[in-house]
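Each of the next two complexes has subunit A plus one other chain: subunit B in the first, subunit C in the second.
Our next item is the complex of A and B:
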């Protein structure tokens, strides 16, 4: 299987590292031979139709942070690489934008039009243009898989669509952002104010310098849109989500909740066609009460009842569990 | 898809009820037309190659508890029905025996030899003869699916094998028996003794008159064997499990644990090739701390990290979510 990797930051480099460790396993267990034929970042594209030396590519990135320094790399953009280079699958792992969805959106559409399957961890394009992407993949008869775009290693989308295939999912609730969950967990444990904990968490590198993407619920809302589309077939986009973040949560509110046996969590919910992100009271013993950077999703299914899944919501290595399982699924389906 | 239903107790009747409600959905979403061509219980077999009237079969059972009273039913045993009647899939849902695995074991082997796919909720045969069943299915080129045998509606086996297909699972821990979890949850809440709570729970019908299958860990051990085989490829049987039940747990032990921030749970664990069932201390905020009759399983995966899934561990309707998803998977794979 010939793969093009578009975007070579945390996730892309994590993919290379995972592949280096897993090549033997993939071959033995799934009969799958993965060859990365190009890697693009904003500086250019490394190309090798016999398979890029991933160890070398990682070392180039560690030393220079630019893929253009890989031996023989070309001044091709990601989009040009998708158009010009022969491959079976494009892994789109560029930074996510919730304003325009670019450059990921153009990459994915171009890949599909070039009859390449798409695997992605990139939320923005899906939160804005899910329907268009889905339709384009169908029209071009290619597979479109995006488990890594929601909940990192937590396999929520494929779980709902494949493991609960006889069920109808009529509601979804979840904690879909690890940073806010970590902040709220610490506020609860330390009885500290939001501002103090945020500063600590920024120093730890868990929250960004501009934390608003996480704490104002933008990230949770993007993921909720993807779940609503992919699992419940709701034609929603980011602008349909009612969003409230966690800035205004006080230590007093957390303390009061605690006295009544509750914790406060930032919950995304799809129910009766409505998408909403807001702080909610969750009973201490409820499956949605998970701590730290964990993510959790609860699916309300008509036969199975409530199914909850918990996993690491982020991480350069962990997220590649989802990318790899999507790749294997494409491999299986393409052969049959 | 022509189906034979062997065993028409709680799970079998639940299947009929679910199918009555879901026929339209299965047709529309999956293009799957399910026809039940025979239903067997210990009294005989209802047969109709055009599809049994499930409403009528359920009503016969409600009134007489014997399928032989279905119009035109024959004095065929389940085994004879498998040999004699044309079908694509056998659903084996007879009562489970951990001593002999019968009659389920013979049913499953006969079905496979007759080139019929097998779906089952029946633990005993798998806990005793997993390897033989797996090999027989391979030899006869039929599919063998058993998601319903562990954790009811909780899709743990397919989750590990299909959603985490790029991962290696190196350990599994879980609460795999709802009755013991319910007893321990009540002992914790009410600070009552094991004997008192057991009596209450028997009166509620949650524990059996002979509760030893649940509380002595036999049921948990059977399920653990299935997970070890199916997910980790360990050739283990029931006799390989070290088992300790919950009879000796005192309110004092639970109270002491609570003061330190722990709960006591009956945990099944596979790790380093060892299978063990025993009461364990679980931190209150740990994903394994789920209450009441819920089941939970934690998979330790080499790329994804820890993935936890929670669901209803039993229930005539809920368990059929797993049976249905196995059927749909067979349908998809058989067509491709």
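Our next item is the complex of A and C:
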């Protein structure tokens, strides 16, 4: 299976690392031979139809941070690489934008129009244009998989759509952002203020320098939109989500909750057709009360009842568990 | 509908069965029976029975009990109280806490049962935990709508409980 990797940051390099470790296993267990035929970043594209030397690509990135320095790399943009180079699957892992969805959106649409399957971890394009992407993939008869876009390693979309395919999921609630969960967990444990914990968390590298994406609920809302579309068939976009972040949570509020047997968590929920992200009171013994950077989702299914799934919601390596499983699934479906 | 019945039985064997027969005959489901033997007076024992029954069958049950010479001293509907729990963050006292509570208590079937307040500093935002008793889903919906309105007027943040009563249809 020939793969094009578009975006070679955290997730893209994580994919290369995971593939280096897993190539033998994929071949033995699934009969799958993965060949990365191109890697694009903002500087250009490394191309090798016999398969790029991933170790070398990683070392080039470590030394120069630019893929254009890979031997023989071309001045091709991601979009041009998708148009020009022969491949079966495009993995889209460029940085996410919730304003425009670009450049990911154009990459995905171009890949589909060029009859290439798409696997992505990129939330923005899905949160804005899910329907268009889904329809384009159908029209071009290619597969579109995005498990990595929600909950990192936590296999929520494929669980709901494949393992629970006879159930109707009528509501979803969950903690879909590890950073906010970590901040709230620390505030609960230490009874300290939001600002202090945020500063510490930024120093630890868990929160970004500009943390608004996480703490204002933007990231959770994007994931919620993807779940509503992919699992519940709701034609919603990011603009349909009512969002409240965690900036204004006081240590006193957390204490009052705690005294009464509750914790405060940033919860995303889809219920009765409404999408909402807000801090909520969660009973301490409730399955949604998970601590630290963990993510959790509760699927309310009409036959199975409640199903809860907990896992690591982020991480360059963990997220690639989802990308890999999507690739394998494409490989299996394409063969049958 | 859940109904509580206070019946008074002769203190002789077989009376309780006679009292319960009409209930099961009309499809009533007996939830609990409390025998108040310590209140035995004039050879009669009060018994408190809670049943789940179709309201239209209730009259027939009561008539049948009367025919059997079983006194029914009290019939009442059992209403299950539900609790809404919220935390509010904002200038709760400065924006007239009394008014906030009154406006919730105005709703039929709703009452603020508890309020815990934490004020770190007079100028800083305070936090309050509020327990509101409601009589059913309608009152709960009205309370939530009223809370949202108050919150937007007074610039509070509301932290609702997950699976808040009335959330899921």
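Everything below uses one rule, namely that the second predicted complex is superposed on the first by the 336 of 336 C-alpha atoms of A that agree within 3 Å, B and C clash if a C-alpha of one lies under 4 Å from a C-alpha of the other, contacts with A are read in each partner's own complex, and residues count from 1 in each chain.
Just so we're on the same page, a contact is a pair of C-beta atoms (placed from the backbone, for glycine too) under 8 Å apart; a residue touches a chain by one contact, two chains touch by 3 or more.
This structure is a prediction, so every number in the text was calculated from the model and none was measured.
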Combined model on subunit A where subunit B meets subunit C, clash or fit: fit
First (subunit B), second (subunit C), both or neither touched by A:271: second
Touched partner set for A:318, first subunit B, second subunit C, both or neither: first
Angular separation of subunit B and subunit C about subunit A, which is computed from CA centres of the superposed model and rounded to the nearest 10 °: 60
Comparison of subunit B and subunit C by subunit A residues contacted: B
Partner chain in contact with A:334 - subunit B first, subunit C second, else both or neither: neither
Partner chain(s) touched by A:204 [first = subunit B, second = subunit C, both, neither]: neither
First, second, both or neither for A:279, with subunit B first and subunit C second: second
First, second, both or neither for A:25, with subunit B first and subunit C second: first
Subunit B versus subunit C - smallest C-alpha distance in the overlay, whole Å: 15
Touching both subunit C and subunit B, counted on subunit A across the two superposed complexes: none
Residue numbers on subunit B that touch subunit A, as the complex places them: 18, 22, 25-26, 30, 147, 153-155, 158-159, 162-168, 284-285, 287, 289-291, 294, 301, 303-312, 315, 317-318, 320-322, 324-325, 327-329, 333, 336
List of subunit A residues in touch with subunit C within their complex: 171, 173, 244, 248-253, 255-257, 259-260, 262, 264, 267, 269, 271-272, 278-283, 286, 288
List of subunit C residues in touch with subunit A within their complex: 85-87, 89, 116, 118-120, 125-129, 157, 159-162, 167-169
